[in-house]
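What follows is a set of structures for review.
Next come two complexes built around chain A: one with chain B, the other with chain C.
Coming up: the complex of A and B.
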């Protein structure tokens, strides 16, 4: 495969990985207040995503893939709400370990990397166009 | 005129080199958030060309598969040091990679424009009537 289309394929693997990351972030934000339903039950646990390089034999280069989607083992904080169905004997409810500030920062970083990959595709395309322009009179 | 023909060869090598380099930059950018990933780059064009290429396996039967070996033509720069290293061990700075990519696109356009000019020079020579 010629290097320019290989560059496009690699950058598109980056787009895919980063968009999955944004999906994880939105899942975390959407569930930022998903509490348990039984007394003392655990609420939503924040999800994390880890990338890894993956050598693609067709391209002869490293693309990026998702290594694993894990969970954040961080502790839940407690809020006092004795009337809630998930309240424990002392009247405390566990709330998800999602910090909106961290999620927004993560999303900004994902968007930035997504844009960078998009730029690389754009540049590869302009290189291909410049090559084709050699055929013009 | 012989020098002119030589120029075509050098130019197409340069285009190939920039294409391979762009692949490496795309690889770096795609892995910009991969823990522990090291940036890769080629040496400068003047010292990157390998004179001896490593031999691959021959496909002598239609069912043989030839493994893509990636870049075997240009020497990689083993002393790439990124601008920063993240706590995760990732060495890639997006800003740096984007600057390098923009630079290689510029050089690519310069090379194609030069090639075009050269073709038009050859044409001008051919079309001169005595």
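Coming up: the complex of A and C.
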């Protein structure tokens, strides 16, 4: 496969990986206040995403794929709310280990990376078009 | 879209035959000829456009991602541009030969 098409294909795998990352961030933000329903039950646990290079035989190059969507094993913090159904004997409820600041930073990073991959596709296309323009005098 | 490419391919090969037969009548070339190269390029373009259409159809059914569709479409666009440029260039050279005073 010619390198320009390969570059586009690789960049497109990057787009896909970053959009999955945005999906994961939105899951985390949407569930930032999803608590448990039984006394002492665990609330929503923050999700994490792991990327890995994957050798594509057709392209002869490494594309990026999602290795796994895991969970953040971090500690839950406690908030005092004795009336909540998930409150323990002392009246504390476990709240999700989601930090909005970290999620926002992650989202911005995903957006920048997405933009970079889009630019790459754009660049590859304009290189191909410019080369073809040689045929037209 | 596919018909266009197919006709490009058809035009390309007939022009190729005329040019080659006009220029060299009896000489046999070793290895893949220019015509073969042209044919395979045309076939590749047709295949690429077909793939892009299949991808668009899959996206309509929610089976392909936006990124895959855009990538396949851009690839098809480049393939069509290549086919058209080569076709134009070949017709140009054919006309150039036809204008030659005999």
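In this section, the second predicted complex is superposed on the first by the 137 of 137 C-alpha atoms of A that agree within 3 Å, B and C clash if a C-alpha of one lies under 4 Å from a C-alpha of the other, contacts with A are read in each partner's own complex, and residues count from 1 in each chain.
One rule holds in what follows: contacts are C-beta pairs under 8 Å (C-beta built on N, C-alpha and C of every residue); 3 or more make two chains touch, one makes a residue touch a chain.
Predicted, not measured: the structure shown is a model, and the values here were computed from it.
Asker: Here chain A is shared; do chain B and chain C fit on it together or clash?
Answerer: Fit: chain B and chain C sit side by side once superposed on chain A.
Asker: Draw lines from the C-alpha centre of chain A to the C-alpha centres of chain B and chain C: what angle do they form, to the nearest 10°?
Answerer: Placing chain A at the corner, the angle measures out to 40 degrees.
Asker: Pick one for A:135: touches chain B only (first), chain C only (second), both, or neither.
Answerer: second
Asker: For the overlaid complexes, name the partner, chain B or chain C, with more touching residues on chain A.
Answerer: When the residues of chain A touched by each partner are counted, B comes out ahead.
Asker: Just to be sure I read the superposition right, which of the two partners does A:19 touch: chain B = first, chain C = second, or both, or neither?
Answerer: Once the two structures are laid over each other on A, A:19 reaches chain C alone.
Asker: Under the stated touch criterion, which partner chain does A:83 make contact with: chain B (first), chain C (second), both, or neither?
Answerer: A:83 sits against neither chain B nor chain C.
Asker: Could you say whether A:125 touches chain B, chain C, both of them, or neither, answering first, second, both or neither?
Answerer: Second partner only, chain C.
Asker: Identify the partner contact of A:3: answer first if only chain B is touched, second if only chain C is, both if each is, neither if none is.
Answerer: Touch partner of A:3: chain B, not chain C.
Asker: Which value in Å is the smallest Cα separation between chain B and chain C when the structures are fitted on chain A?
Answerer: 12
Asker: Taking the contacts chain A makes with chain B in one complex and with chain C in the other, which residues are shared?
Answerer: Common to the two interfaces on chain A: residues 4, 8, 11.
Asker: What part of chain B is in contact with chain A in the complex they form?
Answerer: The contact residues of chain B facing chain A are 15-16, 18-20, 22-27, 29-35, 37, 67-71, 94, 97-98, 101-102, 105, 108-109, 112, 115-116, 119.
Asker: In the complex formed with chain B, which residues of chain A make contact?
Answerer: Residues in contact with chain B: 1-4, 6-8, 10-11, 13-14, 17-18, 21, 50-53, 57-64, 109-110, 112-113, 116-117, 119-120, 123-124, 126-127, 130-131, 133-134.
Asker: Would you tell me which residues of chain A are touching chain C in their complex?
Answerer: So the residues of chain A touching chain C come out as 4-5, 8-9, 11-12, 15-16, 19, 121, 125, 128-129, 132, 135-136.
Asker: Going by the contact rule set out above, which residues of chain C touch chain A in the complex?
Answerer: Answer in residue numbers: 65-68, 70-71, 74-75, 77-78, 81-82, 85-86, 88-89.
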